[in-house]
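What follows is a pair of complexes built around chain A, which joins chain B in one and chain C in the other.
So, the complex of A and B:
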């Protein structure tokens, strides 16, 4: 563990220096993201405010769902986006082989050397603003407990987002490149969670809770905070399981990645 | 028991056949046929500690595949490889601590940072003790003449400078074995010389075992005493450079220069006229006569003003060895 932190800090220092090497691009990137997510937010805001109430959730409450999803994505993607997105290129060019000649696990070496993407600070700030505004318009009074709950839920949510990125990168080991089915499962299914899952058919609720547990990123924590009902018949402690769900799917995604790596080592493609 | 033992090593790749046209593409969605390519076929060799070996073969011969199995990147289909009692592809991490790898055409440096930053990173990656790390940094900076560009971002460096840096970072943790996959590719004559000299010094001073693949026979002549040649996945030759010359040698060329007009050429079974110019001949002599005998005979017969003997270039010998292998049936 001590070794892990020493390695992490050395790689992190390098990653930050790399990010800062191009200050202009860095700033332009952040501003660009502000604009694009601001626009997305505006679109959603108009939708929810014109619906008034969506499955028992008011406009600002739905925005909290969106904010949680975006914030956890910002945290997860800042560590794993470069890695996930760049893996296929590194495998095709043969650079990935170098990771297999290092004395640490290739997953760790790939994630570390892919670098930390500082650009996600824009997503983070946008999502923070959305949530502060939404909570303020609900006149929500936070307690120490609710803040701690929110932070732990966000950690779990970030692990779920990271797991999605890791799982999608596993495709790179099979020389198929982008797989539309995987993209659907890992990106499009997530879109459902911009709305309370109680408005969807039971099948989708089940999938989003037990198979692709994206609902633990935002719906369940938000339901707990705002006192909203969860799907009928589901255990009442479910909303408190986000950190556990996060740790579980994160572990599973690494096991999946290792399985892909094994395939790569025996086929070389 | 040798330091590196490779026994009956095989690697097969399954390649999906792609059929032509849209109809073929649709068909391959449902049913895909594979062809098996044997990239490495029953290769065996052993290496002692501190040896420096050239591993040569034409493109696609299986050189890189062998290196990848030795460094733990790929699993063999069958056979075994052992590096200092460790099976590299089973104990990948253990093995990684003891080896250095440079894949010639791919850099391991960070594009936007100076080399010195990558150096620091490797210190913690390999948990090298601080003092030994400092000493090695200084040693390789000096040996590879890197002082001038140590603090420049990598993107501003030349190919030769990047290669030097890649070799340096592969050696900072004092590995016992160094694998170099085409280290001199694309380098100019001066950089090649610096690199070859450095490799010789590293081998002598640090006793590092070095396996190097290359297409440049001058690399082999300059640094390796031993040569392993493979083609189509099979080993064709394993021995000293001298033995290699003797095995595949096909004679030498002699150039005769004349003052005036050329004398009439006398057909003979021991000499072949390769080239005829206004004032000279280029003659090929078979390996059965010595150069001395051939020289005396040709001087007596034609009385030239100048005579030059040239040993066959190693490159030509290698080319002929590949050609001989291609003529033989595939599984001979």
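So, the complex of A and C:
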């Protein structure tokens, strides 16, 4: 465990220095992402408030829903985006084979050497700001319990986001071409969670709860915090299971990755 | 003109290889469209809001996403890559304008993807469009005119943003600015019908609303014939103004260009 932390911090410092080499670009990128995600929040807010409610959720409440999703993505992706996105290139070029010869598990070596992505600070700050504003406009009074609940839900949500990134990179062991199935399952399916899932048919609610549990990322925690109804007939404790769901899918995704690794044949370059 | 046609065909051909990816893209497009259907069903129900009906919204989503996909391109990224590996010097030597080359390449690359994604969605939407009124002949003509101007304007702005790559060494972030402005001022995410007054007024003074939103307004006959000349003229003037600007910037860029090895 001590080695784990030493490795993590030394890899972390290298990643930070690498980003900071282009300070101007880094700053311009952060502002650009504020504008781009700010526009997404604004669009969602305009849509919902123009109609007052969407499936029983007001404008600020839907912003919290989207904020949770973006913030957990920021946390999960800062650790796993470079890894997930870069794996295919490293396999194609043959660099990945070096990871197999290191004295730590290839998964850990890949994650550490891919580095922490500092750029997600923009997603994090914009979602934090929007959520604070949204809670304030609802005159929500936070309690110690609700803050602890929010933090634990965010951790679970970040694990779900990370699991998605890990699972999608597994495809690179089988094919070094494009990865359309993963894009479909991870990006297109996730779009549903920008809105309260209760506006969708029951089949979709089931898929998002039990098969691809994206609803635990933002819908269930937000429903518990704001006292919104969950799909009819679902157990009332479901909204509190985000950390558990996160730990479960995260473990499954690592198992999947290792299974993929067993089937890996080097490209030989 | 023939040269540009060749670039268009080559670029289209290289896209046709990815048959398998096309299938998933179709599924993705259908899913995205279903989300919009459920969303607007939940918001609008069976009534109209601000004079906007459910079928208006579906047509808006269809036309908007087709036009956005057709012009989906990352000029800044292409210039950045060409500068890093030095191929930009080759591209400048070609007996063809760089802007025209990029335009034909973009259309060739996107036409297959946007058609395969739109046709299934269009078929699906026929089930939901029972109450829709089709535009009359004059509106259709005006729509096509304004849509062609819109596509040209979309490309023009993308290209102008992309040219800044010549001054910045790394420019992956440029598309975030572009998307942000398009979404806020162009109504590509939420139609401008629902905008608050301030944003609505602002949008008239920027080029973005003339890209997809005004053509859609013509298709849905929300713009009366007497007023149709206003958005069309505005799009045209923006196009002329921005072309002059990009010409000047392009000359400055070609002078400033330093190629790393290559």
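FYI, the second predicted complex is superposed on the first by the 263 of 269 C-alpha atoms of A that agree within 3 Å, B and C clash if a C-alpha of one lies under 4 Å from a C-alpha of the other, contacts with A are read in each partner's own complex, and residues count from 1 in each chain.
We take it that a residue touches a chain if its C-beta (ideal position, glycine included) is under 8 Å from a C-beta of that chain, and two chains touch if they have at least 3 such contacts.
The structure presented is a predicted model; accordingly, all values stated were derived computationally and were not measured.
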> Would chain B and chain C fit next to each other on chain A once aligned, or clash?
Replying inline: fit
>> With both complexes superposed on chain A, which partner does A:103 reach: first (chain B), second (chain C), both or neither?
In response: first
> What is the contact status of A:201 with respect to chain B (first) and chain C (second): first, second, both, or neither?
Replying inline: second
> Just chain B (first), just chain C (second), both, or neither: which does A:93 touch?
Replying inline: first
>> Quick one: is A:36 in contact with chain B, with chain C, with both, or with neither? Answer first, second, both or neither.
In response: second
>> Applying the document's definition of touching, compare chain B and chain C: which contacts more of chain A?
In response: C
>> Quick one: is A:22 in contact with chain B, with chain C, with both, or with neither? Answer first, second, both or neither.
In response: both
> Put simply, what angle do chain B and chain C open at chain A, by C-alpha centres, to the nearest 10°?
Replying inline: 90
> Thinking of the overlay built on chain A, is A:11 touched by chain B (first), by chain C (second), by both, or by neither?
Replying inline: first
> Between chain B and chain C, what is the tightest CA to CA spacing in Å in the combined model?
Replying inline: 7
> Where on chain A do the contacts from chain B and from chain C line up?
Replying inline: 22
> Within the complex, which stretch of chain C touches chain A?
Replying inline: 18, 20-21, 23-25, 27-28, 31-32, 35, 38-39, 41-44, 49-50, 168-174, 176-177, 179-181, 183-184, 189-190, 194-196, 199
> Within the complex, which stretch of chain B touches chain A?
Replying inline: 11, 13-14, 65, 68, 71-75, 89, 92-93, 96-97, 99, 101, 103, 105-106, 108, 110, 112-113, 117-118, 120-121, 123-127, 153
> Residues of chain A touching chain C in their complex?
Replying inline: 22, 25, 28-29, 32-33, 35-36, 38-40, 42-43, 46-48, 50-51, 54-55, 178, 180-181, 183-184, 187-189, 191-192, 195, 199-201
> Quick one: in the complex, what on chain A touches chain B?
Replying inline: 3, 6-7, 10-11, 14, 17-18, 21-22, 93-95, 97-98, 100-105, 113, 265-269
